[in-house]
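Please read the structure below before turning to the comments.
Chain IDs A, B, C, D, E and F follow the sequence of writing; residue 1 opens each chain.
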Amino acid sequence: MFKQLKLLDVDQVKALREIAANGKFVDGKISNPHSKIKNNLQLHDVKAYEESSRILNDALMSNSEFLEFAFPDIVAPPLITLHRPGMNYGLHADNAIIPLPEGPIRSDISCTIFLNDADEYEGGALRVTHGEASMRFKGTPGSAIVYPSYTLHEVEKVTKGERMVAITFIQSKVRDVMKRNLLYEFNEVAALEGLNMRHENYTRLQAAQYNLMRMWME
Amino acid sequence: MFKQLKLLDVDQVKALREIAANGKFVDGKISNPHSKIKNNLQLHDVKAYEESSRILNDALMSNSEFLEFAFPDIVAPPLITLHRPGMNYGLHADNAIIPLPEGPIRSDISCTIFLNDADEYEGGALRVTHGEASMRFKGTPGSAIVYPSYTLHEVEKVTKGERMVAITFIQSKVRDVMKRNLLYEFNEVAALEGLNMRHENYTRLQAAQYNLMRMWME
Amino acid sequence: MFKQLKLLDVDQVKALREIAANGKFVDGKISNPHSKIKNNLQLHDVKAYEESSRILNDALMSNSEFLEFAFPDIVAPPLITLHRPGMNYGLHADNAIIPLPEGPIRSDISCTIFLNDADEYEGGALRVTHGEASMRFKGTPGSAIVYPSYTLHEVEKVTKGERMVAITFIQSKVRDVMKRNLLYEFNEVAALEGLNMRHENYTRLQAAQYNLMRMWME
Amino acid sequence: MFKQLKLLDVDQVKALREIAANGKFVDGKISNPHSKIKNNLQLHDVKAYEESSRILNDALMSNSEFLEFAFPDIVAPPLITLHRPGMNYGLHADNAIIPLPEGPIRSDISCTIFLNDADEYEGGALRVTHGEASMRFKGTPGSAIVYPSYTLHEVEKVTKGERMVAITFIQSKVRDVMKRNLLYEFNEVAALEGLNMRHENYTRLQAAQYNLMRMWME
Amino acid sequence: MFKQLKLLDVDQVKALREIAANGKFVDGKISNPHSKIKNNLQLHDVKAYEESSRILNDALMSNSEFLEFAFPDIVAPPLITLHRPGMNYGLHADNAIIPLPEGPIRSDISCTIFLNDADEYEGGALRVTHGEASMRFKGTPGSAIVYPSYTLHEVEKVTKGERMVAITFIQSKVRDVMKRNLLYEFNEVAALEGLNMRHENYTRLQAAQYNLMRMWME
Amino acid sequence: MFKQLKLLDVDQVKALREIAANGKFVDGKISNPHSKIKNNLQLHDVKAYEESSRILNDALMSNSEFLEFAFPDIVAPPLITLHRPGMNYGLHADNAIIPLPEGPIRSDISCTIFLNDADEYEGGALRVTHGEASMRFKGTPGSAIVYPSYTLHEVEKVTKGERMVAITFIQSKVRDVMKRNLLYEFNEVAALEGLNMRHENYTRLQAAQYNLMRMWME
């Protein structure tokens, strides 16, 4: 399932762009040395990395739509990447296990946060496939798209201008996407309609939700 | 989970009691020859058996409370049993596999249908345990109690009069009792409150119910 | 996952259109009487029904792409539907259980087969959602789109002309969409690359595929 | 499943009652602000809280019956509550996730520890439902009742006197209640009968128990 | 897991050898046309096939050791094969799905029944691997070896004489080999030690066995 | 599944033998006081223990064959044991839960590391059973055999000389042996054949592997 978030405010976007402006970008193959398809630049600067991580992590963990949709357990530090004309990132599924200093995490959910305007570049859409169908995303600055890490997806070639995004990976407390989405749907309906129900029925619905969570949460 | 049903009407009870009055009862060990704990009589008469089966099967499969609670796949032909003074059926769990002429079924759910009045006998309660807790049931004629076959249960000794019940076993389309009960709860709440919801939310709830069923039904 | 099929040849399309031309169409609410969102016409004619079923079933069960993708266990008889100007079918998930004369089936996969040209009508796209993202499909005559029954989807309002499609539901031998898709992917790669591998490695790959199938097929 | 424990000795009960006597009780809604059904008092005093937690945790984790039955992974700090005349706690299932300072736990098992005598109050039984059946518990001081958190349960209205209990929640190493109970049963039988078996058969039984644990423990 | 059976008596072996003597053997590639590793002869004669199937099926379904070990649901008609000098059947896992006239079955368990004496040929052992370890089997006439279909196994090259065996595949009511073996172990211990136990403990053990079967049998 | 490893080099073996030569060995019942079948000596010396643990842990965690086969999560500190003439360790399955100072682990995989030459003792083979079949292992110094902890296995009686091994237990990130082995097989085939594949197919294979890992890793 996909969800679009209004994640960062204008100041947060500005802060991240300043970090990027002052940081050092290197070839993205630094973290995937054998890749034949990764063709981008990524921010490589310990201090910049910590500061951008803090901003994005705070934004995600205080975004109630994200919390309700993703059941996040651990969020990997986000990474800022650039695609300049001619650069792309070919079709791939994200790795199942992301090594982090604090120990490896499982990437259940991937998240792309757009940092510049879609008008600033041509091409460069995030294309996510579902078998033979596919969807293209180019967001406004500060918006984010959240999608399952298991999908085959790509960043199409930028033909003009520069595309700047941050990307991150989330280990969810609910591993299976179907189960995660069912919990989300039951919770949403209960939140939207709970106050209109007879108390006895709301109690039953809530108990059933709790029991699904007991069954499925890690 | 337990459910009490108003299953048979006065005529159906009367018909079954007449079948019993005209049929032959034999030692219940006939179907469990090595049992040390089964001490009752059961109806053993092909014609009586067919007729009683038809009545009870029709009653169960047209009882909407039963259908919604049990998700029945196959119902074994019910058996009429008698306990006379001194008779009991010691603590046991029902067998997992019940051989039937049409092939074996799995007994997920057990059902006792009371055929005479609790005033007609002393003792003879159906006692179902849950670990160290237990519940006792003595129903009115035509009422039934439905309970999970995995529980340890017994028929306490009859000390006076005669107890007549029919018993049967149900293979459910939802094997696991926790899952079966969750589907029942979500369905009940949707049925009771669906019309009060905004149509969009009801659609989401219904889709989530369907998707749980898709995941769990055999 | 989605798959587009070239399912019917020109003659098969023609045969189905003739059946439709000679058959009787009735309000689609006939099979969903309480629906607030179903607003279409469906073919209601026993003889037409049998003949169209046979054509579509033969086409599906001899289409190797379909067989490899869907692992079909049972295919429901397809139904021909019409949407005329003003008609739509609002957002819904397909029912989990489809009653058929031979017994109920579980709808894991839904299939829409296009019977007339997209130029013959305006609007009327099949829109399938994935959370907040969605995809639109309008196929050429004889083509089909296969998609998971759990998705929320709709037929958008036809604004001009007439849309004619057949729809059906498939119970798969692999219930879970993630598992079904993984089997499909491993099988595809083995089929495409098996001959290039050392025989010993191909044997290992094949044994692993068989063992996944043993684990997951119903 | 239910289990009754002789948990605390006279001195431990006395110590807890003294803590309660010297501590401050506040409205129970402090921890469930939106509850319409919680109507009790709970001890709210950091020092009292720590001391009572230590006593109860020690008692639970050294009680072999509890350890064998619950397979406890984490025990939440217990909370002392009071129900005075007119107070009750309406029917509810316990929340799936209990936030604790050290991180959230999943409540698989709920535990009520009785701190005063059933003679000291009228009403106030713990009533636990199983579908349409239910059981009532009022224990002696120091005794405890352990039951699955998924059940709908309530504290009935106290009509006279004061009811004092401690309650806690346990995350088990065996999440599913059916599996947890099966491990308990196999372990109990092996413990009770193992010495009477031929060594070869005991070894096989023990290996099978270990292998169930390997399959099911988190 | 592996089990050796004393399956056929002298007369049954003799009957099968006579069928083979009068039947027609063809290249084994007839049923695996693309195989690069199958190099044997198999009996191809409808009448012979029916008669041999009946003998072997009767023998398997009345062999209590087999029934208790394999929990057979469906047994494929056995096939008689010959390996003559120079023939082998290279390393492979058995196919997950075996097409039969009555519909496909899943091969969970494979079974080789030896029809001539190990002295009558050199080489020709059945070698079953478990990762880097392996075991070799050459049985006496009428004996059988039962092993999991998922293993990689081979028939080593016959260097002298002729090897005659029957092979078959079994779909089990308990798909997973670990679960099937656990049920077998618990059942064996209960059968061997049940009579020495106190009745109450035996009842608990039996209830636990039934509940495992309820959970795991298809 | 079984795997043999060339684990330690000559210097590592020598270092461990020196530790053993200078350490104190005690009756193996010290860690299984009630065992009727454990009859060996084990190194009991804190300092020796730490040093030997470090050597063996380093060797395991830098052995790529081990890492790829076992998906190790936690490796218990290895233990050096001696069997002298007359000593054996009767048939048993390893305990499911191994208590360690840092908390208990689940033993999914057992590992025996041979420290002296098979010529230095008679008898003393590690015999691992699979139902009625079994395999015997006696390795060269520094070699190791890795096998599932659920198997019944024994150390046969030493009749002459002295057998010195180290043993350890591994909690795997993939609990189920069938799933662990499937991941291993897919990974091996992808590693061995990936470079020969078209890039598009390799990407699909890799995505499928990642998705199996996402589904199965703890």
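Throughout what follows, a residue touches a chain if its C-beta (ideal position, glycine included) is under 8 Å from a C-beta of that chain, and two chains touch if they have at least 3 such contacts.
Since we're looking at a predicted model, the values are computed, not measured.
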Query raised in the report: Within the chain touch network, how many edges lie on the shortest path between chain C and chain D?
Result: 2
Report task. Note the rotational component of the Cα superposition from chain A to chain D, reported as an angle of 0 to 180 degrees in steps of 5. Result -> 120
Report task. Decide which interface, A-F or A-B, involves more C-beta pairs in contact, and give its chain pair. Result -> A-B
Query raised in the report: When the contact pairs of C-E are compared by residue number, which of A-B, B-D or B-C has over half in common?
Result: B-C
Report summary line: Distance between the CA centroids of chain C and chain F (whole Å) is 51
Report summary line: In whole angstrom, the CA-centroid distance of chain E from chain F equals 32
**Report entry** chain D: positions in contact with at least two other chains
**Finding:** 150, 176, 178, 204, 207, 211, 215
Query raised in the report: Tell me, which pairs of chains are in touch?
Result: A-B, A-C, A-D, A-F, B-C, B-D, B-E, C-E, C-F, D-E, D-F, E-F
Query - Residue ranges of chain F touching chain A (in the complex, touch as defined) - result: 199-200, 203-204, 206-207, 210-211, 213-215, 217
Report task. Name, in rising order, each residue of chain E that touches chain F in their complex. Result -> 1-4, 128, 130-135, 137, 150, 176-178, 181
Requested in this report: Give every residue of chain C touching chain B within the complex, in rising order.
Outcome: 36-37, 90-97, 106-108, 149-150, 152, 175-176
Query raised in the report: In their complex, what parts of chain F are in touch with chain C?
Result: 178, 182, 185-186, 188-189, 192-193, 196-198, 201, 204-205, 207-208, 211-212, 215
